[in-house]
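Okay, got some structures for you below.
Each of the two complexes below includes subunit A, the first together with subunit B, the second together with subunit C.
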Partner chain A sequence: MKFIVQRQQLISSVQDVMKAISSRTAIPILTGMKIEANANGIILTGSDSDITIESFIPAEEDGMINVEQIEEGSVVLQARYFPDIVRKLPDNTVEIESDENFNITIKSGKAQFNLNGQDANEYPHLPNLQAENSFDIQSDLLKDLIKQTGFAVSAMETRPILTGVNITIENETLHFTATDSHRLASRRVPLEGVTSDSSNIVVPGKSLNELNKILDDTGEKVEISVMNNQILFRTKYLHFLSRLLDGNYPETSRLIPDQSQTVLHVRTKELINTIDRASLLAKEERNNVVKLTTKDNQLLQITSNSPEVGQVAEEISVQSLEGENLKISFSSKYMLDALKVIENDEVIIKFTGAMRPFVIQPADDDAILQLILPVRTY
Partner chain B sequence: MKTWSELTEIQPLASRIMTNSIQKDRISHAYLLQGERGTGKEAVALLLAKTLFCSNRSGVEPCQECNACKRIDSGNYPDLHWIEPDGQSIKKEQIEHLQKEFTYSGMETDQKVYVVKGADTLTPNASNRILKFLEEPSKQTTAILMTENSSSIIPTIRSRCQIIDLKPLHPQAFQEQLIHQGISRRSAVLLSTLTNNLDEAVSWSEDEWFAQARKLMIQLVETFSTNAHDAYLFIHQQWLPHFKERPQQEQGLDLLLLAFKDILYYHIGRKDAMTVFAKDDAAIENLVLFFSQEKLLDILNKLLDAKRKLKQNVHPTLVMEQLTIQIQG
Partner chain C sequence: MSQWYPKKGRVIFHVDMNSFYASVEMAFDPKLKGKPLAIAGNPEERKGIVVTSSYEARAKGVKTTMQLWQARKLCPELIVLRPNFDRYRTASKEMFQMLAEITPYVQPVSIDEGYIDVTGTEQHGSPIEIAQNLQQKISSELDLPCSIGIAPNKFLAKMASDMKKPMGITILRKRDISDKLWPLPIEEMYGVGEKTAEKLRAVDINTIRDLANGDAYQLKRILGINGERLQNRANGIDVRPVDPDAVHEFKSIGSSQTLAEDTTDETAIRKLMHQLADNVERRMKRKQAAGQSVQIMIRYHDHKTITRSKKLPHFIENKDDILHFSNELFQKHWNLEPIRLLGITVQDVDEKKNLAKQLDLFTYEKEAGKEKLYEAMDELSQKYGNNIFKQLHNDDKDEEKPRTSFQKDFLDDFKK
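Up next, the complex of A and B:
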């Protein structure tokens, strides 16, 4: 294998790929980075077996030559040293060459590195692309979807399936759902022109977080393909693969109440600030409990009480308040998490009694839904 | 032992059980391989993994040629997970890693294989975590547990695994192998009692440390008979500085055990079974005169006690001191 590449291009590609490589891996080959050269350009691959990132540098793009003198081949080199080497090389171009014994030579200007590589055949084989089960989505929308649901995944390993986000496609609708069994976040997006059948998968929340970091929100297209045991997010030069969680996601649609006894319209910002203030005295070991009480004259009272510290009470006016009066306690942390991801000035909160879960939705959009279970207090 | 047919020569029964279940496509979800060092536990595990992953196996035999087989050999196959004791025992983090892997889908295939080496070193906590998986195996997952000490596997795990017993190697055959490697018969006899692993035996026979250890052992036994009061000093001046690490200390006790067993064998006339001393050694006659049969039995018991204490993390110096005093008295 041999090629000469522009150093800047290589640096940014290596940086992307390094996000997937961890120093503690289950199998030794994954401490390395795979470099593959073919006539179209070069592909860098990094993986920690949970996620895999591939970065592609095209040989030619918009008349600019990025990679030249390509001789096809592939090799795995040690990821511990490669990024620093590339970053500190003197010249604007880098020549990388490997021989049949996997000795790698990196040349730039007058500097020359000889590194020991490994056989690329030892590297895990990535699943072949199946085009039929794929669809396109805007990257900023995808980031929103991740942001609005990813926070609600469970951090506990006791029910591993809940550490993932459930992604379903049905009736031309893409549905993200995450729950840790105390709260639930979900969002629907219409999909157009999806020919594939319904699919139902669970993607680890950690992988989606990584994806969120690596995607930029320029609104470019991301192609999502679901394969047998992996999911692929593909942008023009970046492939992001994640393994899936094995198992059946619990049926969540039954949890969402379809009627309500008390409905609130409230300004998001004000509610966030009020609950944030009340939560200052709420204790973490008591689930950060704050209490919401409806008053007459379209007023709400938010209170929090820690016997050993003190108490706080604040009134907040609402846009409208319909239905029965209510006293309910809930975790301020869950409430703030849910409100913060709703990017709308007004929210609707629907209650069905003090012991039943309640639903938070943006005032003009029912595609986003946040569900929180109340806390029993005495 | 690269193929099932090669394995059949050494472990006929285990090989039969495994090949039959492969042929009938009835591979169990969990195996417990039990057998002493060098009986081929790892070989069986590797073979089974290859058989499951190999892309063009012929009958039961994996091809050894394809990419999957090669990567299994080099430890780079992503759907095969090895868990080995990290130091003394298998740590909680390792089990957590394994549990996480249970919940993820496979990386390349749907088949997953987990190999737990030294399953007896699982802490009770860790074994109970593994239990969960053994109770509700997900499809196409195979667990292989390996142990030298099957009695310390908790019964709840044993009952959920198919147990494969690997027979101890035939000592005579092993000795012949060693002699074939150019090791003298006397050393071969001794080494064959200490290990079943050919490579290990050969490396020991060339090891300066091991030769010295053997000399010290004989000196110590003689000191007990001729000058019992010096034994305590001997322990401190010679024995402890030489046997520094835990495995070395255990080996030292093993050697002592063999020596005293020899003396007992001489007593009861089983001179052929002796391993450390030669039949016509002048030294052993003195030793036989000095140690009575009852005394020897008592010493052997004390030695086994000392081994157990070492395993339980008693300070090695204290173990040796106590042992010396007990043998003196």
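Up next, the complex of A and C:
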């Protein structure tokens, strides 16, 4: 195998693929990165057996030559050293060559590295996903969906299914839901022209998080297909494959209250700032608790109190306040997480009582829903 | 009377009940008086060790922590009783109440000993009169013997109460140190255990005097910060105040138990884990507490002991959670060798009134059902102040179970 590649192209491809490579893996060869060259270009592959990422560098793109002098072949090289080497090479182009003993030579300018490689035949074969059951989505929208829900997955393995994001398609609507059982985040978007029946899968939150890092928000097309316990996200030059989580995701829609006792309209930014200030005295090990109390004249009071430290109180005026008076305590962290992903100047918060979940939504968009369970102070 | 009290400085008592469990049993059944008596954990099983014994038994060589069969060999007529913790608890509570009548500065240390700071209690008499009256009262009303140490600080008071038993009253002033304290062998010093004594003897420190006059640098090198502390104490310096709230401060709640025999049998292990989690849950409930870390201890057949812990993102209090995380740790860290002892401890513990409980989407209905109740409680608390409510428990019946170790949980009860 041999080729000469533009260094910048190689750097960004290597960075993407490294997201899937872990130094701690049960299968030793997976600590390496597979490089494959053919007439069309080169393919880099990394995998930790949960996630597999393939990045493709086309030999030629829009008349620009990325890869030249290609001699077909493949090899696996040690991923631990490769990214730093590529990043620090002196020239704009990099020549990579491997011989029949898997000895790899990397040349750039006057620098030359000789690395020990491994036989690419020993690298696990990726399942060849046939895109039978697939749909397209724009990358910027997909990134939004991930950002607005992925943070709410559970970090604990107590209920493994909750470490994933539940993705459903029903009635031409794509729906992302995540909950760690203390808060829930969901967003739906219309999906046109999907022929497939309803589907319901759970994708590990970690996978989506990595995918979000790799995807550009240029709005390019992402094809999503699901098969055999795997999900594949495919763009022109990237294949991102993740295993799915086994098990049934709990039915959450019926847990979302459909009535409300107290409804607030409030400016998002102001509320974020006020709660952020109050949380300065709220301690993490005590659930970051802040208290919200409704006052007369369209005022809210946000307070927090740590017996050893002191207390803070701040009033904030709201656009409107309807319904019963309320005193409720909740985690400032959950509240800030939820408010920050709502990219809207105004939010509506609907409460149904001090011990019941409350719902935060953008003022003019009910496709996004953030739900938070309050804390009970003893 | 104030001439008895130093102008600056304090007068501190250490009250030490003499062979407490055995004495309580004798007060309960006077026929036992004058006979060799031992209280032992589990007379039938291997873990049957002597928890405490009467002076008559001690005269025959019976010692605390000795295995029962050894004790019986030394003293064939030994009477062995299982512990009745309820009796001890009641007696202890009454004893501490008597201390609390003298001054509010009472610091219980365990079921049978405590410090009181009698500085400024001239109305009760001189320190020695107070001590005599107290000892008399405990003896006549509870039929229990105790020794009292009188000193300017806690360490000296503790050493003093040890000097004359049973029914002793010993005054240990700073000027007495070189005569009364320094001649004692190093392992008799409070705070010096077997390991520490070994290290000290290795550098030729054999008496408390040697420690008091030892090289501070060398001590620090072999014992760390504790070396400095011990040397200060040997010189009669101890600035710790008598802290009535010390007993309330708890950072961890745990339970451990030796298996009937060393085992790798997962059923037996699982059963014990259940039991331990049960104990921990009960004690957490008693304290109205919740904790944020779980620690397990595994002691293997060869006495090798490991502890492993995990910090959780939220507070737990229920058996299910305690057991879940304990099992998780156990599965991860057990090396499959035979186990002698297991322990579960919940750490980073705090009283629930200082905490908030994050409600759960899938279970909040349970809490929400009590919403009206909490609202009413909140309103009443605002009107009449905190602490007007108390949750009731009926878990005390469980406490009858014989156990060798004793928990201090109840020690804060004597004030109520």
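Just so we're on the same page, the second predicted complex is superposed on the first by the 322 of 378 C-alpha atoms of A that agree within 3 Å, B and C clash if a C-alpha of one lies under 4 Å from a C-alpha of the other, contacts with A are read in each partner's own complex, and residues count from 1 in each chain.
Assume a residue touches a chain if its C-beta (ideal position, glycine included) is under 8 Å from a C-beta of that chain, and two chains touch if they have at least 3 such contacts.
All figures in this text were calculated on a predicted structure; none of them were measured in a lab.
Peer 1: Touching A:E122, do we find subunit B (first), subunit C (second), both, or neither?
Peer 2: A:E122 contacts subunit B only, not subunit C.
Peer 1: Of the two partner chains, subunit B (first) and subunit C (second), which one does A:R254 touch, if any: first, second, both, or neither?
Peer 2: A:R254 contacts neither subunit B nor subunit C.
Peer 1: Give one of first, second, both or neither to describe whether A:T179 is in contact with subunit B, with subunit C, with both, or with none.
Peer 2: Only subunit C is touched by A:T179; subunit B is not.
Peer 1: Tell me which partner A:G353 touches in the superposition: subunit B (first), subunit C (second), both or neither.
Peer 2: In the superposed model, A:G353 contacts subunit C only, not subunit B.
Peer 1: Looking at A:K88, would you say it contacts subunit B, subunit C, both, or neither? Reply first, second, both or neither.
Peer 2: Neither: A:K88 stays clear of subunit B and subunit C.
Peer 1: Once chain A of both complexes is superposed, is A:D246 in touch with subunit B (first), subunit C (second), both, or neither?
Peer 2: A:D246 contacts subunit B only, not subunit C.
Peer 1: If we overlay the two complexes on their shared chain A, which of subunit B and subunit C does A:I161 touch? Say first, second, both or neither.
Peer 2: Touch partner of A:I161: subunit B, not subunit C.
Peer 1: Of the two partner chains, subunit B (first) and subunit C (second), which one does A:N229 touch, if any: first, second, both, or neither?
Peer 2: Touch status of A:N229: first partner only.
Peer 1: Where does A:K110 make contact in the superposed view: on subunit B (first), on subunit C (second), on both, or on neither?
Peer 2: neither
Peer 1: Once the two structures are superposed, pull the subunit A residues common to the subunit B and subunit C interfaces.
Peer 2: The answer is that subunit A has no such residue.
Peer 1: Would you tell me which residues of subunit C are touching subunit A in their complex?
Peer 2: 292, 313-314, 324, 348, 352-362, 364, 367-368, 370-371, 374-375, 378
Peer 1: Using the touch definition from the top, list the residues of subunit A that touch subunit B in their complex.
Peer 2: The contact residues of subunit A facing subunit B are 26-30, 49-50, 121-125, 127, 157, 160-161, 163, 204, 228-230, 243-247.
Peer 1: Using the touch definition from the top, list the residues of subunit A that touch subunit C in their complex.
Peer 2: Contact set of subunit A toward subunit C: 155-156, 158, 179, 181-184, 250, 252, 255, 285-287, 289, 307, 327, 329, 331, 353-357, 371, 373-378.
Peer 1: Give the list of subunit B residues in touch with subunit A in this complex.
Peer 2: 67, 70-71, 74-78, 81, 96-97, 99-108, 110, 138
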